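Multiple structures are listed underneath, in structure tokens.
First chain A sits with chain B, and in the next complex the same chain sits with chain C.
Up next is the complex of A and B:
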């Protein structure tokens, strides 16, 4: 039982929902339907295929799968579907939201706690929804002396930049929102925007905690951006392409992590710094500077920043999978769509329904998505793991790691890749194709 | 389509550049500078040079603008600038700019580059790389030497022997 609302009963809540549904139906049938008919009386309805297009007829057509499935299938291959739903925002936001919940339970299990437990009866599975509603219903407070335009723009720009990053990650063969020829350079360009947004919002909030956090974020991200870029050059040298889809296709037989493991390790460490996660969470060190550059954000502004952070986490994990772990490549485990349904349709008793639009997705794409998601979830769990284990490092150690050690390791990695290329082992025209 | 995008980009770029010069707040000025530099990246995209556009974004917006923001935020404005309103200087600046623009314009018009082929195929970045390693290899070597020497110089300048701290990382 909740301590905040001691009178709360689930049965009464459900009963009130039914009550609401009853009243909505009653008012709709007594007031809404007559209004609809009065309007229909004055509107001239179109004639399609020799039939008057009444509302009933249009509803019948909508319920007919042989008419709607081709429309749905057509919609799936439009750009707007890619941006909004599948490889784009919806898919990434779903994974990001799942990550937030899994992170809390996972860390709790590591540290022998229970984590979210009460909300939703089963292992606190509705906690995330509750947190979302709380963030949406909270008041947005702007500090009195804040620089309001930049302060308002900050969260939006952050989510926008994270969304741009997500849009560059290929999920399955041909399933990517934006597929520029210079995809990896576009990733570098997008990553460069995050420190600017952090330091601008930190300055705009006009508080010393946010400003210290923003400067730390700027220092740290700039320091780790260079090893990040250098560590990925080994893969570019070996695969001979900057296009992320082509890099995935070049890993059909072996993953690049087997040949450039040092680059993978350097990239993995820089991910922590770019995401401001433990052990490099100095920009939002909650025990030192309240919440760092996020201190003054409240309500949905904070929610947007959190959403952007987890979208970024997904995008970095996806980039690691795409560059080092072979992306969507994997053995074909997805079962083929039953041919019976395509040719004969589904027979239930005396009725046979034909579905001309099926299958909606081909087997290649579903299998690729499955492998990509499995690998990405594995990398995300590896990124979450240090938060339960490691302490925070000091600022000078973090910068020293970035500027000296990681850059040195990244150069060693580049020389290994060049050696493999010039020895004729890999690359265009090499022994292993 | 391309014409309207070009016009919009021109308005954004030139407007942001003027704002960057004229606005009182240095932070807003640097933001306007970022917008102007991003607009230049947009021009490169329109010219079918995504490689240069991405480098424009990651180097100029991602690094140089960050450097400017850093400087602006860490240094108090009163220490480096004193406000001297001088009308004559301003008009002289505008006149100088107009003269420069006219000069460059006459050179471009006189150079015979009057029309542009917009249907030429996109230049592959691999071609740029090949050219750098074959025909332009002396230029590449000179660039590499200059960059290496400047990095060495920066590291020498940044290394401070006088600070001895027992708590340092190494």
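Up next is the complex of A and C:
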């Protein structure tokens, strides 16, 4: 006999199941439905596909998958989907989470370790989730003499600014959260927020280590922002546009990295300083200033900063791909969706299922996303690699690199771009126009 | 200020521009000590090391135990270098008690001391790497250290605190296949050492950061009484193994590594180059060692020293370790004074850090080959 349930009887089990179902139905119909209707009375119901989304209608749709698909398709074209799911936060957070896991395994392989191994059975795939739950369950400690509102605001502002950065990156043709005509200027504006947030939180924490770390962050980011902006001007000159989508479209035949490689290298180096990654992780140098401007953060506040950092990493890698590596452009490898399924439906035995709005995304968009993700992951891996190879630099060497060497290289890059433009090799809008 | 301060205390007046930082004892870059650092912007104005957080009274404890009982606790200050810190004690007690050590035991002792030196230097190198932000240089030495720990485990039975050297020889003989295994692992380790050179010592960012920082001139190095790798990095050719050879070091083929620069880079490179010499010594000693024979002279139970005193020193991973032992016709020593390399190297830290940038602090501090637990004894 089983030792787990020695008194087990099937009849009792079935009786208890029916009992459970009865009570669930009773409570749902007596309490649940009235509450739902009371709430719905005050909420404006959305109109999807020309129909008012009443609860009965939504249940009807849920029961019939062929009617659900148009609803999903309509939802995909709403703004909220773009912000929350695909080119926006959800997609970026998923890539960022994958980046953290890959970084840990990748670094472990360099250092002859195994990395996360046990959590989630398969190569520690759930380690990140475990870390997240740990951070959430930890107490948030705020220093007694801290400026509390600003201290609380710091991580939220950081994630907000990183999210704003993510929203400007075009992923596939037409798939971008915000597409202003001065997209690159908006990127520069968002990047300019990060040192302010670092200094604000560092000052608000009222600690010596955060103060030194905040000042270091300010110095470093300002020193590297100028070469960053100058290095991207070459691309603007060649493509003749500040709109990121148009810059991608101008690279249909040639990637800009082939014409302005110096600008790409300068931009790539400044990414490390902006992300505070080794070799430029001076604002968080643990052997000198504990954890720099992050010293006093604990629990989920630290978790939010980490989330923001990795969103920023994704956004910078995406920006590199958009500006230099041709964005979503690439050979068409995604198979076209078979049209006969939509017209004739699939016949399995006696049942014929018709899916009226089946292709949720068109072929162009899926192919573009695939190429964008492949290129972005490649750039992210290149950004992760130096952590296993380089030591930290010193503050004066970092500033010397930023103010002196990189700015000089960025100017050379601008002159190369101007020369290409005025020699008639390249015109605004691409090589062949 | 109206309140009266207690006698002996005074208020310190400092410039508004100067910030006082307490680096330690709970700072990730400090170790078991505290540095009171005053900074003006990014520059260090003054540095005041404050050791003593892990003082355990080893010298006093030694006065209450007899010569054999003293062995295990005297190696506790540097458990990573336990053979070397016991070595001068064993030499001194042998001189006090008049014990002859068998020839094979002398070679085994040298092998144990050199293996342990490599274990210590690898541990130090790991810490040096991670404090300069190079995480691969933390993982690689910490992993390769296992090679030597396994060898020492085969010799002595313990992985870290061996208590292998005893007055009169070593505790037990080598296992049967030790020579072959040791040569194989040392050959593999020499290959690995060359990879350290590529990833760490020839790294342009490391060179930019450490070359020319914290320069200790030759005269200052002698005047401040530094020892070990710090002294040799400043161009002084001094190694106790060469200048006052003990046991069989005079028969063995090795060189003293000396660099003239005296900066942080030289100080970090000397111990690394010494590991090559240690490998040479191990291979040479295995070749010249008598293949059989006694490894331990039998002592009388509870041996008494005469009315005598003795001072012996050896070269450890951090410099010269000296033991001054006084006996007064009793089984316990009357006084045991340990002079350790760590403490003597710490003395030059305020001189080196003054006027340096704050970012140079970890490089200078850990370049001094300082082990806080040993300095506090």
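Some points to look at:
Rule of thumb we're sticking to: the second predicted complex is superposed on the first by the 367 of 433 C-alpha atoms of A that agree within 3 Å, B and C clash if a C-alpha of one lies under 4 Å from a C-alpha of the other, contacts with A are read in each partner's own complex, and residues count from 1 in each chain.
Note that a residue touches a chain if its C-beta (ideal position, glycine included) is under 8 Å from a C-beta of that chain, and two chains touch if they have at least 3 such contacts.
What you see is a predicted model, and the numbers here were worked out from it, not measured in a lab.
Legend: residue contacts after superposition of the two complexes on their common chain; A:397 is shown touching both chain B and chain C. Contacts of A:200 after superposition: chain B is touched, whereas chain C is not reached. Look at A:185: by the touch rule set out above, it reaches chain B but stays clear of chain C. Shared-chain residue A:332: touches no atom of chain B or chain C.
In the superposition on chain A, A:218 contacts chain B only, with no contact to chain C.
Contacts of A:112 after superposition: chain C is touched, whereas chain B is not reached. Using the contact criterion defined above for the overlaid structures, shared-chain residue A:389 touches chain C, although it does not reach chain B.
By the document's definition of touching, of the two partners only chain C reaches A:281; chain B does not.
Once both structures are placed on chain A, chain A residues 394, 396-397 are touched by chain B and, in the other complex, by chain C.
Across the interface of their complex, chain A is touched by residues 27, 31, 34, 50-51, 54-55, 57-58, 61-63, 65-66, 69-70, 73, 122, 124-126, 168-170 of chain B. Of all residues in chain A, only 147, 150, 180-182, 185-186, 188-189, 191-193, 195-196, 199-200, 203, 211, 215, 218, 222, 225, 240, 242, 394, 396-397, 400-401 touch chain B in the complex they form. Contacts from chain C toward chain A in the complex involve residues 19, 21, 27-29, 42, 129-140, 143, 199-200, 203, 205-206, 208-209, 357-362.
Residue ranges of chain A in contact with chain C, taken from their complex: 107, 110-113, 208, 212, 278-279, 281-282, 285-290, 387-397.
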